[in-house]
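Shown below is the structure under consideration.
Labels run A, B and C following the written order; every chain starts at residue 1.
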Amino acid sequence: MKAQGRSSGSGYLFIAPATVYLAVFSVAPVLFAAYLSLHRWHLLKPDHPFVGLGNYRALLANPLFRNAICNTFVYVAASVPLGVATALAVALLVSRPLRAVGLFRVLYYLPAVCSQVAISMVWIWILLPEVGLINYCIGLFNRALVSVGTTFGADLAFLRIDTSTDFLHQPGWAMAALVAMSLWIGLGPRMVIFVAGLQNIPEVLYEAADLDGCNAWQRLRYITLPQLRSTMLFVVVTTTIAAFQLFTPVYVMTRGGPQRTTDVVSYHIFKEAWLKFEAGMAAAQSYVLFAMIAAVAVIQFALMRRGMEREDVQ
Amino acid sequence: MRNGLLYGVLILIAASTVLPFVWMAFTSLHAPNAEPPTMANLFAPDRWHFENYTYVLTFRELPIWRFALNSVVVTSGVVLFQLTICSLAAFGFSRLQFRGRNAIFFLFLLTMMVPGQVLIVPLYLIVHRFGWLDTYWGLIIPYQYLNTAFGTFLLRQFFVTIPRSLDEAARLDGCGDLALFWHVILPSSRPALATVAAFAFIWTWTDFYWALLASSSTTMRPLEVGLSVFRDAYGVTRWPLQMTAAVIVLIPVVAVFLAMQRFFIRGVVTSGIKG
Amino acid sequence: MRSLPILGFVVVVIGGPTACRDDTPGSGIVLRVSDWGSPAVESAFMTVERELQEGFERRHPGVRVRKEQIPGPGQYAPKLCMMHVAGSAPDVMHLDASSAAIFIDNGVLLDLAPLMKNDPTFDRSHYFENVLDITRRGDAFYSVPLDFTPMMMYYNRRLFDRAGVPYPKDGWSWDDFLAACKATTIVPAGARQPTQYGYNFENVMPFWMPWLWTNGGDVLDPTGTRASGFFDGPASVEAMRFLTELMVTHHVAPTLAERAALGGDAFLNGKAAMDLKGHWMLIDYRARGLDVGAVSLPSRTGRPVTVIYATGLAISRHTRHRELAWEYVKYMTSAAVQIKRVASGLAISGNRQAAAHYAADPADDVEHAFLRAVDYARPPWGSRVENYPYCESLGEEMMEDILYGATSVEEAVRRTAGLMDAVLSP
């Protein structure tokens, strides 16, 4: 007998608290922000003339804003696939019955529980030229290279890597640093979700696969990944949404530099709203960002939804 | 041998996540006016300045224990609230049929995609209208709109993977919806619930901007905002003290995580099937 | 399984919100005073403030002064703005001159002139006129000076002695300055970068903007509505080029990367001979045991010039305790209270008598140097022009671009002037 949820009003009852909550604290402000975006609305000035789509037109014509949109897309395109893939890989590692696995999980989670501001400050140090952690490790590597070279009588000095790269102040490197930072911070939470998802996969399936003589790769491809579809969709979508809204590291570390290569849309919104007090324009910028996020999320859903439907009918 | 390699990789990753915190902890013990230490002198300051901690903890104008209490109250409130409404909603979306189900779920997801920045202004006005500014309600209830959609989404994806066979068994026993929710779905979802709780905890504990807005009096400030005073010198970056403050805010979280670690371990799904 | 933690949560959550703010004024008035994040210098200053506030409470029984501190860089003005919009602004506000325009010109503050006129105990001449005028609009006054500082050039006497350079004197020129920088920059043989710099340059526009003035240039035109022609005028460009050459050509000031590695303030760490800062740094300098002197900025126009950054006390237009707020303002800016308040040396009191109290020692030439500057110092643009803080962030971005060699000075300045124009008159 196929189990079917009863079609009844009780569904409405269950979702009622969350829906009412969101209606008041999310939908209402969102609608008000839409209203704001159609006006010139300075927070302190009394007149708020209606400008229709004027704000949006001005935005899209503004080369600085277009640059911010590009930067945001670049960041998302880089950090989401990398972030999800590394989290999955680590989750697989950490789901094995190894000793002290619990300790590792907690350690990987550490960056996520710290306040973003403190983390950003620590990363400023990590990225310093010469004395920062990364350049220091490169220096160690260089020294090791040279001593290995001398033991074998070869001059490996030419392989040395320069330790004077100022990551945060070179265009290109700054964005790479932000992507690396997002991987580092997001590893823990994403890994935990994948781990929970992995644990939900019934052992029976793996046992059957073993009987059929599947190797590790086949197990991954034919059992693990399909079973993880719901979880995967969740991680991908939420990581993407968060990536579009990157703010604190930019604010603390780069301020949109160097040469506006890390100027992302949310930083623009911040400056518009809190340095110029132009709530209308800030709202319009937020809606552009919203549209970008929603478009990408819809695409992701469409791509991954087919698998989900199969599961619903299970 | 293979296990050795595996351990090696795990340890390497752990080193990369932990090392910066080691730096943070050691920096917090350097002289308050010192420059940020390099790896060379990290472990060799003039002396260990443990008094940095007493300085921050007993800074007379900052009621640190009150800050800590505020953080605890607000965070617990948020976690409880989130767990309740998200799990209820997720159950509805995953197990029950009703008209417009998918549409409403998608609307939930949409709320997650709205950038938080600009919503702060209308949200502030709404909260002020409710008279909740500078109260615990104002700190607990409003800013979780992000959490709610997130939590519902996560739990829903989870609930969907719980085998229907459990449902069937329960219904045969005569369970109604609520009983199904309470006795079957929730117990099978400990890892997911723990995850939602963990996220809500972290986001609330480290939240700065909303907490700053919604609280005016010093006595209502949570830890993150209260200690941000050490970040704010005009042109003088006192790394050690800032790290001290950061460590202080961090320690309770780590402690809670270590304690809650076991909740992330697998639930009773398989035993349900075999039973 | 879940009972105990859940029970714990429930108890805390139900108990929590019912215990709201702990101050319960049964009867009596609460006067709300807002201030930005503490200077994080010492708790001593905050303690003194609180004692002074308690003094006020004793004079006005039944009144409680509640200080609302708004920490976070750049969070003060936005949050005050929001509070005003919601109608929940505090009664008295600490007003920073650099961001005062947005409040003054938008009706957030009460015009204090009527209160001043009708109050025989208030005398305007008690305050430095230049400072009082910062928040004046014709006949309307929007704040009473609390404390202020002109920006001066500090020099480290010991480093100058060691280099055998005579101390700078008022009226010195850019060439004198450059020579002093070069003489006090030390690059050990074979080292890649200096171990001691001549000048601690910081890319904070409020700190480097006065250089434009010392060359006869300016950021904006006299009406404050336009940057082109002024920010990109020849005098201003020359000043900015001079500054960048300190780092790029002469290597007498740390580059941005070198600054980061030094942990920020090279002068404070005794690794730079000069710095352009305000009075507040004296506390840190003395705590470090630095022997500093202060002198007016090197000028090319033959006349000294600098900027004043000031804090005043303002009253919110919608306060319900107008007279009480006025009493508080008078109290906090009165000579006796001010003498106690600026004892730490954080700034110069806006009250002449209190300022003179700390300049009583004729040998204290640092204090005298500062006081001499009050007469010729100019108010910051932020006290007159609303979107000036945004212009400052544009200026800082531009400076970074130039310092990283991305563009030439002229090009960067011209482009930034255009961006500033767009912000000033959209």
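Convention: contacts are C-beta pairs under 8 Å (C-beta built on N, C-alpha and C of every residue); 3 or more make two chains touch, one makes a residue touch a chain.
Remember, predicted model here, so these are calculated numbers, not experimental data.
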Inset, instruction - Report back the single chain whose CA centre is most distant from the CA centre of chain B. - result: C
Legend entry - Between the pairs A-B and A-C, the one where more C-beta pairs touch: A-B
Inset, instruction - Report the inter-chain centroid distance for chain A and chain C in whole angstrom, where each centroid is the mean of the CA atoms. - result: 37
Legend entry - Computed distance of Cα centres, chain B from chain A, in Å: 16
Legend entry - Contacts with 2+ other chains: residues of chain C: 82, 85, 261
Inset, instruction - Find every residue in chain A that makes contact with two or more other chains and list them. - result: 43, 131, 273
Legend entry - Touching two or more other chains - residues of chain B: 36, 121, 208, 228, 231, 239
Legend entry - chain C partner contacts - residues on chain B that touch it in the complex: 33-36, 59-62, 66, 72-74, 76-77, 79-80, 121, 124-125, 128, 133-137, 140, 187, 208, 212-213, 216-220, 225, 228-239, 241
Legend entry - Residues of chain A that touch chain C when the two form their complex: 43-45, 124, 128-131, 166, 169, 171, 255-260, 271, 273-277
Inset, instruction - Spell out the part of chain C that touches chain A in their complex, as residue ranges. - result: 74, 77-78, 81-82, 84-85, 102-103, 106-108, 256-257, 260-261, 387, 389-390, 393, 396-397, 400-401, 404, 406, 423
Legend entry - Residues of chain C touching chain B in the complex: 1, 6, 8-10, 12-13, 15-17, 19-23, 32, 34, 37-41, 43, 46-47, 50, 66-73, 75, 79, 82-83, 85-88, 90, 202, 204, 207, 261-265, 268-269, 277, 280-281, 284, 287-288
Legend entry - Residues of chain A touching chain B in the complex: 1, 3-15, 17-19, 21-22, 24-30, 32-33, 36, 43, 90, 93-94, 96, 98, 102, 104-119, 121-123, 125-126, 131, 133, 136, 184, 187-189, 192-193, 195-197, 199-200, 202-204, 227, 230-231, 233-234, 237-238, 241, 244-245, 247, 265-266, 269-270, 273, 279, 282-283, 285-286, 289-290, 293-294, 297, 308, 311-312, 314
